[in-house]
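Below, chain A partners chain B and then partners chain C, in two separate complexes.
Here is the complex of A and B:
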């Protein structure tokens, strides 16, 4: 079946504006097409247009105040005929939004969907996911865009790539264990109920530190010199940098640049960035998938806590499914368990 | 001397890869400005960095050549700073897990004393070698007071070889750089052309009183790209330190300095250029790379015989003269030609004579250096064999060699087409000799009066008459016979 799909403004289509929701890239025409755009076309899907997004997807990182552009995009999606929006929800904000609005967000395992042609924000968490109305449709679309792509150097090897990543390329943990979707099983997945973690606030802080650091690096290419927004009046190079970035970046991006520079600075690296990386490792290693396939966290009535497990899955690179009542998280590569639950729920 | 100079070196060497470090653009030097640029190396978003495996292999090669420990797992990290020649705003380098550690190189310690015939060696230890990407090039246009950026060099792979502070004289520094250049060019890791910027170095220098354990205040001279300038800069800078220590004329501060070759002085760079916090962090876009033993052994198998081992083999086993052996063993290209031709001709001494005597003369006549000579080795071998077999004489051989070198002719066809085969037919030679004797009766008389030296003149005349093709040995014999009868 052919679905109608929108692409977030950070997913490039050759010759079309790719703004990443930022004034900085308001005039930037994509030089290439993203792997997912090609996959969708090859899979007979219809790319119906662009979806608005918060600036570099950073809204919700530092506070809970809603982003107008994102809210508008979700509102429009709720009332239009499109089936899905592809987006890079590294902060968990879109997943939390979806839960509140009765939509569904599927966040795949880190390295499942090629990031070739995605404007990078936070490389250790960037992953294209699917915002959809019907979960089973979302999983169908995910199946089309997932798969190994040699143009993204941090992908999961998949069963049919002939072992493309052979020469000791491994994941961020230094292990070689990750393989996609290896445990397809006919039996329904076993669900374990999760409670709000004691240190939920720390999840948030780790995300802020890591995202700020990586964002500050990834947005430093926008300096007003080669492409993107350039300030009109300047007297020297430094002023061109400063004015261009000051005039074009919004509050969240300015915060990212400042906090990122601070946590990576020689004085603070160990205290903040390094510590956040260590804690991320501890959190990753804290889940033991013995005796169950899926963690289910049931949201509070207002759904405000939905973001916690979304953040958890992004920090750990694990697949997750956010729906109105709850967030499901599975082990790396086990999207299948999530899709079975989604389909069972629909029925 | 009361003082001791202590120096450490950071040497940047561009790797001889076909393509850049993180994209498939050509890494070749000398293209039109911005010819070798794609959206990825121009810093545009959306193209994940993919590591050039060959660059890692060359890094491993550098490690083997410098006796280094090669890391099992390497990472690539981001070094953040703003500069127009750096389109992404960060340089990808190896800060946390460099490819090589704890290497060493032995140099001939020039000026280090020792008996006349044995040059003592000094071991220079290396802290690490890491791989990183080069930045672009700024082209300043004074006329329009503007600056243009050329991204051809952006993301070209480099290694930075960081030594410990083991140097005490400029002679040692120069000997080290020459040795490094020899090792790396020989193994094809880099072409190490200082004039093209593919080898450049930063010198960390300090001066202390002899016997003092604590190092003096350190300054760094950046971006040196000529051996001559390096020696001069070290002499100047160490003297500046000594003067400051002795007279207190200026206070030494830790700083980065720039060498002005015209003025022969170093100058402090602006503070802004030095006080940078690079905010290093692991690049999450590039997964750590594991280097296993098999990879290292694969690289080792591709490395040519090291120059010093080749030198030993040429002098000791093959009995070639030291000078010739040095010339051949120090050039990877001449070594290759020597080995290939010797394999066909199996006369190492002849081959060496032909390379040193004829080939280098022909190539330098055409302005081509030994490393750049491109000659068909089987044609070269053929010429040597033809001379050896008496089919052509040596002078004609050299002429044919020039043609093979310049116009890539087939030697046998060329000899045939130009009737260059050696004339060794007694009748033809005798009539040529008779004619020369007749034309030069005065000279013949001189010879008969005892002047031996005119004999050579007569031989020359006969060679001329036969178009240079006569067999010189026969000419000698016949002439002697005929002139005395």
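Here is the complex of A and C:
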């Protein structure tokens, strides 16, 4: 079946503009096509156009204020005829927005979808996922875009798969967690109980440090010389660099450049950046899959903590499925378990 | 150079007074919140650089032509004889 799919403005299509939501790339025409764009076309999918995004996808990284562009894009998607949007949601903001609007966001295992032709933001978390209305459609699309690509140096060789799956639950559920979800998990053999992710209380700081460091490095290439926006009035090279970046970057990008400069500097490297990388390892290694295949995190009433669970999956490189009332997280390469849950849910 | 203006210099950003005030307020608040990390001990583990610890394998050094010189220069501010042209750096 052919689906109608939009590509976020950071995913390149040869000859078409690719702005990454930034004035810096307002005049940039993509010289190549992203691997996912080629895969969609080869798979008989229809690329219907571009979807708006926040500047380099950084909205929500430093505060909770809603990004107008992102909200508009999600709202427009709710009522249009398109089936899915491919996005790079490294902050978890799109997943949280999707859950609030009754949509679904599938975040694949890090390294299963090629990032060739994706404008880079945070390389250790960049991963193209699927925003969709019907989860089973999203997984069909994911199956088309997933696969090894030597042009992306951080790809996993393959994803595992298997038969029956087991689901674990967090402690926010209230009441009898096991009986409350019998219908949802009828297709799955056993149910276990899991706790909240470790150190969830400092996820925001860890992601701000890691994302700022990587984002500041990636946006250092924008200097007004090679491509992108260039300031009109300057007297020397340094002034061209500085004016171009100051005039073209928005507030969140400037902030990421400044915080990146701080955490990577000699005074703060060990105290913050190195520490955040170590804590990321502790968080990742705290996840134990003994006895279950999927962790189910129930969102609070207003859905505000949906982003916490989304960040958890990005920090650990794990696949996740964000839906209206919860986020499911599976072990690396175990998207199959998430798709089983999605299908059971639809039925 | 461990100050806001020092970070502006490294980041090559020079906001006007109003924007600078907003950025500095947000920067200070975020930097203050980073101190929370100091309460946690992670000294016994190594920093996580790649989520799956995939070994860095050097690929064969094979020359590939991805883009032509014209394509690479198509978005440049200015070019000359097939090279990027930049403002003069010496008087």
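Criterion: the second predicted complex is superposed on the first by the 307 of 347 C-alpha atoms of A that agree within 3 Å, B and C clash if a C-alpha of one lies under 4 Å from a C-alpha of the other, contacts with A are read in each partner's own complex, and residues count from 1 in each chain.
As a convention for this text, a residue touches a chain if its C-beta (ideal position, glycine included) is under 8 Å from a C-beta of that chain, and two chains touch if they have at least 3 such contacts.
Source: prediction; values computed, not measured.
> Touching A:213, do we find chain B (first), chain C (second), both, or neither?
In the superposition, A:213 contacts chain B only.
> Could you say whether A:258 touches chain B, chain C, both of them, or neither, answering first, second, both or neither?
second
> Examine A:154 and indicate which partner it touches, taking first as chain B and second as chain C; both and neither are also allowed.
both
> Is A:22 touching the first partner chain B, the second partner chain C, both, or neither of them?
Once the two structures are laid over each other on A, A:22 reaches no partner at all.
> Touch test for A:32: chain B only (first), chain C only (second), both, or neither?
Both chain B and chain C are touched by A:32.
> Quick one: is A:241 in contact with chain B, with chain C, with both, or with neither? Answer first, second, both or neither.
Touch partners of A:241: chain B and chain C.
> I'd like to know which partner A:227 touches here: chain B for first, chain C for second, both or neither.
Touch partners of A:227: chain B and chain C.
> Applying the document's definition of touch, where does A:322 land relative to chain B and chain C: first, second, both, or neither?
A:322 sits against neither chain B nor chain C.
> For A:119 in the superposed arrangement: first (chain B), second (chain C), both or neither?
The first partner, chain B, only.
> Report the partner of chain A that touches more of its residues: chain B or chain C.
When the residues of chain A touched by each partner are counted, C comes out ahead.
> Would you please give the residues of chain A that touch chain B in one complex and also touch chain C in the other complex?
In chain A, positions 31-32, 124, 150, 153-154, 216, 223, 225-227, 237, 241, 260-261, 265 sit in both the chain B and chain C interfaces.
> Enumerate the contact residues on chain C facing chain A in the complex.
On the chain C side, the touching residues are 1-2, 4, 6-8, 10-15, 19, 22-23, 26-27, 30-31, 33-34, 36-38, 40, 42-43, 45-52, 54, 59, 66-67, 71-72, 74-77, 84, 86-89.
> Give the list of chain A residues in touch with chain B in this complex.
Residues 12, 18, 20, 30-32, 34, 115-120, 122-124, 150-154, 167-172, 174, 213-214, 216-223, 225-227, 237, 241, 260-261, 264-266, 269, 273.
> List the residues on chain A that touch chain C in their complex, please.
So the residues of chain A in touch with chain C come to 27-29, 31-32, 62-63, 110-111, 124, 150, 153-154, 156, 199, 202, 204-206, 208-209, 216, 223-228, 230, 234-238, 240-243, 245-246, 249, 251, 254-255, 257-263, 265, 267, 271-272, 274-282, 284-285, 315-317, 332.
> Considering the complex alone, what residue numbers of chain B touch chain A?
It is residues 39, 42-51, 53, 73, 78, 80, 82, 84, 87-90, 149, 277, 279-281, 283-292, 295 of chain B that touch chain A.
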